[in-house]
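Right, I'll just put the structure down here and ask away after.
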Amino acid sequence: MEPTISSALSLLLIGMITVFLVLFLVVVTGNLLIRLVNRFVSEELAQPSPASIEPNKLAAITAAIETITQGKGKITKVEKVK
Amino acid sequence: MEPTISSALSLLLIGMITVFLVLFLVVVTGNLLIRLVNRFVSEELAQPSPASIEPNKLAAITAAIETITQGKGKITKVEKVK
Amino acid sequence: MEPTISSALSLLLIGMITVFLVLFLVVVTGNLLIRLVNRFVSEELAQPSPASIEPNKLAAITAAIETITQGKGKITKVEKVK
Amino acid sequence: MDLLGKLYRMTAIQNIVDEPQILLMILIAFFLLYLGIKKQYEPLLLVPIAFGMLIANFPGGGMGVEKIDENLTLYQIAKEHGIMNFVYYSLIKTGFLPPIIFMGVGALTDFGPMLRNLRLAFFGAAAQIGIFTVLISAVLIGFDLKEAASLGIIGGADGPTAIYTTIKLAPHLLGPIAIAAYSYMALVPVIIPLVVRLTTNKKELLINMKQQDKLFPSKTPIKNMQTLKILFPIGVGSLVALLVPSSVPLIGLLMFGNLVKEIGASTGRLHKAASDSILNIATIFLGLAVGATMTAHAFLKMETLLIIAGGFVAFAISIAGGVYAVKVYNLLAKKKINPLIGATGLSAVPMASRVANEIALKHDPNNHLLQYAMASNISGVIGSAVAAGVLISFLS
Amino acid sequence: MDLLGKLYRMTAIQNIVDEPQILLMILIAFFLLYLGIKKQYEPLLLVPIAFGMLIANFPGGGMGVEKIDENLTLYQIAKEHGIMNFVYYSLIKTGFLPPIIFMGVGALTDFGPMLRNLRLAFFGAAAQIGIFTVLISAVLIGFDLKEAASLGIIGGADGPTAIYTTIKLAPHLLGPIAIAAYSYMALVPVIIPLVVRLTTNKKELLINMKQQDKLFPSKTPIKNMQTLKILFPIGVGSLVALLVPSSVPLIGLLMFGNLVKEIGASTGRLHKAASDSILNIATIFLGLAVGATMTAHAFLKMETLLIIAGGFVAFAISIAGGVYAVKVYNLLAKKKINPLIGATGLSAVPMASRVANEIALKHDPNNHLLQYAMASNISGVIGSAVAAGVLISFLS
Amino acid sequence: MDLLGKLYRMTAIQNIVDEPQILLMILIAFFLLYLGIKKQYEPLLLVPIAFGMLIANFPGGGMGVEKIDENLTLYQIAKEHGIMNFVYYSLIKTGFLPPIIFMGVGALTDFGPMLRNLRLAFFGAAAQIGIFTVLISAVLIGFDLKEAASLGIIGGADGPTAIYTTIKLAPHLLGPIAIAAYSYMALVPVIIPLVVRLTTNKKELLINMKQQDKLFPSKTPIKNMQTLKILFPIGVGSLVALLVPSSVPLIGLLMFGNLVKEIGASTGRLHKAASDSILNIATIFLGLAVGATMTAHAFLKMETLLIIAGGFVAFAISIAGGVYAVKVYNLLAKKKINPLIGATGLSAVPMASRVANEIALKHDPNNHLLQYAMASNISGVIGSAVAAGVLISFLS
């Protein structure tokens, strides 16, 4: 068989094996992390991550506060008011 | 007449002819486009272009929505509420 | 004494002399400017600099206005409403 | 009169008369603008690409990307070949912008849906098959390996990945490959339903993921998503870096962008830069410069048509691959998966997921699988980047 | 003591004692800061230019732009000549920033007023006459053609155009020409009334455009401005690119910036980048680096004074040219035009229009012609860029 | 089977097996991420630095900074050494980013507190002593002068200054020095109380600045702070440029950033760019690239430990120096100063001031000295930059 074809074929094999392997291990890693976090991290923090709600707004707030307070102020925690 | 002077003069002529020509054709093109649009584009769209009113705000909105919805949301149309 | 050590020592001396000298003159310059401003600049302007309150917001406003008015509008003064 | 002669020679008219195919290029640019503006095909990229193509094709404008002596300094490139070549050779051909854009993508990505349905992430793998099958076919019809790989990577359905791979392997094909990648991503609402119709039956499409979850609940509920979302990009980034180091420029920056987002307020400034100014600026210059590579003599070739055709095939095969992977899984597993989840492994985030969701709802108005689709959809991005890494490490 | 000797030699004092003209440069920088901050002369550019000039003139600071071996890589330039030369030789002398700024200008421009009064756009042409007359005069007093062209382009009353042309033709004059251009643009509220007073009579200034529109209504009302605004930058961009390819870097990017604005939300991210982060960042570095070219030995020359003087003349002639073009038109046409519309052909957007409007209102409190003035005003920008293109294609 | 062999050789596993210290580097990166994310040690810099370090240490990723042939063009650097070296050699090793970041710092700085308590600014000087004493000790234990100076500058407690000086004098130490600088700045809440406890007594810590002001009121009240704040950066910038020209890249841009802030709305766009997009973008690339310098063979050396240790000593001595300067002053002056004002001369703005304020409040709940501390705190930044200028002009 022509060399380029054969290397194309081996690319197909190596490539797909790698992709399956990596994504399989991604699943494994994810489950591992879930277990670790569940075990070792207090649920206190288990509030919805502000970042995932509105990082933009937060960035804005931080920037604003930094500027207004000339960096003297610092955001330690941002919570939604119920 | 000195060569540089003469080329300066020809620059004057070529330059001004070009400028007049181009802007004349800009007027022509503009009128052409107006006629084409009037003929072929439904007036439905003829609302004031949001972009020309407040592209900044729109950009902000889009960015915000993209982030908040993690790109799952998409703005298809933004209209002023009468 | 080893050459590098001696040059290290002279760096110590030159460096600290310079730092003290510069900061001393910074203080002098500052006092000079305070006196000059007090004498020559009308107190009219002595409102809190908007910039130092909220340059971000101002930048935003300016940008917005520039865009909305396509640069036809211009901010000349921004004042807090009491 | 001589003056008018000079004036005429200053214009691009004579060049276009001599080389009428330039006119064709300009018309193609207009058509792409139409697709981007009116048809809303990925306007964020197609508009700059098309406009860059437009201004690149006026002879004398000096805005077209050229082959240059690669020993020139960037300063000399700008002086001798103009600003567009300056942008192309400093930001594009260096491979700089695609990873930068990936950083922005990461800063806009939420791994939440993927973490909630982790095992579905696995189906981002099968949907990469189109990349390699098209690679082989391309070799068979005479492309060399590097070109074939760049053609195949269109099947990854991920713009920056396709561009990055092409820059590394076959930069002379950058224009058509970028166009194909983004056009087909825009055509996902057409391609996915087509392939799904050909590869699935109604019964499969009715599989309701929520129901399956109720029947077979997961054993490990997530107690602290916030911490998890911070650890995940670090963990996965390291894992991929270990297994496919050549994909680090893409995956590494993707995960960095995601990390600064998930950390929250304390890195809010970095998140803002990555997802806003950097991403937007990079998009403008990437688009214009990629478009500028499409000058008449570089674009009007048989290869271009083959790339357009091959790209479509790659997309279709990838989708089918994802679908069949799910079918096989369903044969073995009790907890069934809707084959649409396989189709979204294509990536083309988030449009593929939205399309899959609509198809599911069409068959059963209560079958909302958007969140599930997003899982394989996002993992498809990782899958493509990994495939790209493999191609680059073996071929470059 | 030797230590204090070393300390003294570290300072810039001795250099200034040896070269007292440095002190003069510093004072000029202070004066320009005063104009920019207190007098509000185009502060967005004059402040960075003046500050760049200030820090460039302290010997030993390494912040002044120097003539360098143009074979050095950018990395070597930074190592051997400091960061300011790095900025200057990578972003300015490459001609990169002015087109980028034009992209931002386009993203802030509204072609609406121009489209509503299209035929007035024609009067952006006459107001370029100052460029070429001053070019000739400059040649007569001994400047070479390239220098003369750069001097004349000040009469285009457009900052980026003047800077771009000078970079291409006579970079050694960049500093004074940029200063002159921006200073006179800031002085438009003084120059236009002056020239108008000398070239028009009250009767002409009373011509009311709105009335004329009522008397002679246009035949083609605009039914769909939104679509029109999207097509216009594409159409005009292509037209100019065809006729004056060398102006594409300026006009092309101007039109691209305008296009992403008019498309609206779907390219909102690009519009934001072009009109905000990119424009602002480019302005800072352009200003600082242009200022940094004004070191004592580069600036304190007869040429500088001639440029300052010539620039003023160019402005005045351009305004007069616009005014007289309208007068001639009025001789032939029934539908009269207020000569102020000719004056605004100068460009210097939008200040020229505001000034013209005020003059009109002073003569007739009901004569609002701002919208009309904007038409020729904006077309004046295109006019200058076209003129610049002609100069560059014949002289560079 | 050969395929799996190829696959295995593609991964970084074998390299890590051969060079297990790589694993240590990855663990250190994880630890730094922990400090930045969980312990909130200067997350804006420590997170990118740590992540850059992480991705730099996977062999085959090509994301680690390498020694290269400095005659390569930036384009060649990117092609042959990857995008991270492209960033490092274009933005970091050129010395470009630290001054740019200083511009952003200036745009976020308020000189108000310093102007209201000008004479306290003087105490930013003494707190630089740590820089030079550690320089000498470093020479004694065998570092060469340039390395010793870079080590000492950590005692300036200012990130950009430390990085800029190290780039100019000993770039091969950039990673550990940056890490040390930012870590100890983050540890200021620990270090300052420690040193203060060792060097002061309760009576001194009870000195109430407000009271002292009432007892000895200043003769020159500030009547127009707005104008003063505009003139101050211009005046001080010129002064420092005159005396220590080599510090202009830092101080000059710091003052420029502050100027465009204080001018207000008319330069609001420049202020926004300097304090927002430019600062944030620069921070991301500085952090990643500095982190990327820390590859196993570059980082795992005795030197690194000495730098970590020496940096701590430099911090401590600087704080003590500031404290003793105040004690000496108090011996001579009637108007006493709280020694905490000396400690904040360290810089590390604004955390040092907050810490000092807390200590004062602990001893007397009514002794609010934050505003006073900010005065010496900010002048400490100028002090460090001046010290850096001296080192650079004598050693580079």
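By written order: A, B, C, D, E and F. Residues from 1 in each chain.
What we mean here is this: a contact is a pair of C-beta atoms (placed from the backbone, for glycine too) under 8 Å apart; a residue touches a chain by one contact, two chains touch by 3 or more.
Note that this is a predicted model, so its numbers are computed, not measured.
**Q** With contacts counted as defined, which of the two, B-D or A-D, has more C-beta pairs across the interface?
**A** Between B-D and A-D, the larger count of C-beta pairs in contact belongs to A-D.
**Q** What is the chain whose Cα centre is as far as it gets from that of subunit D?
**A** C
**Q** Give the pair among C-F, A-F or A-D whose set of contact pairs overlaps with that of B-D by over half, matching residues by number.
**A** Comparing residue numbers across C-F, A-F or A-D, the repeat of B-D turns out to be A-F.
**Q** Validating interface symmetry: for the copies subunit D and subunit E, is the fraction of residue numbers used by both over half? Same or different.
**A** Because under half of the interface numbers appear in both copies, subunit E and subunit D meet with different residues.
**Q** If you average the CA atoms of subunit C and of subunit E, how far apart do the two points sit, in angstrom?
**A** 29
**Q** Taking each chain's centre as the mean position of its Cα atoms, how many Å separate subunit E from subunit F?
**A** Measuring from centre to centre gives 40 Å for this pair.
**Q** Taking each chain's centre as its mean C-alpha position, how far apart are subunit B and subunit E in Å?
**A** For subunit B versus subunit E, the centre distance works out to 20 Å.
**Q** Specify, in ascending order, the residues of subunit E that touch 2 or more different other chains.
**A** 6, 10, 73-74, 110, 112, 243-244, 263, 266, 269, 272, 275-277, 390, 394
**Q** Two-or-more-chain contact residues of subunit C, please, as numbers and ranges.
**A** Residue numbers touching two or more other chains: 14, 18, 55-56, 63, 67.
**Q** Would you pull the subunit E residues touching subunit C in the complex into a rising list?
**A** Its residues touching subunit C are 3-4, 6-7, 10, 108-110, 112, 275-276, 349-350, 353-354, 370, 374.
**Q** In their shared complex, at which residues does subunit D touch subunit F?
**A** Touch residues, subunit D against subunit F: 70-74, 77, 89-90, 93-96, 99, 230, 234, 237-238, 241-246, 248-249, 252, 256, 259-260, 263, 266-267, 269-270, 272-274, 277-278, 390, 393-394.
**Q** Across the complex, what residues on subunit F touch subunit C?
**A** Subunit F reaches subunit C through residues 107, 110, 112, 114-115, 118-119, 121-122, 124-126, 128-129, 131-133, 135-136, 139-140, 144-145, 148-149, 220-229, 231-232, 235-236, 239-240, 243-244, 261-266, 268-269, 271-272, 275-276, 379, 382-383, 386-387, 390-391, 394-395.
**Q** Given the complex with subunit E, which residues does subunit C contribute to the contact?
**A** Those in contact with subunit E are residues 10, 13-14, 17-18, 63, 66-67, 70-72.
**Q** Would you pull the subunit F residues touching subunit D in the complex into a rising list?
**A** 6, 10-13, 16, 26, 30, 33, 37, 40, 43-44, 47-48, 51, 54-55, 58-63, 73-76, 78-79, 82-83, 86-87, 276-277, 279-281, 283-284, 288
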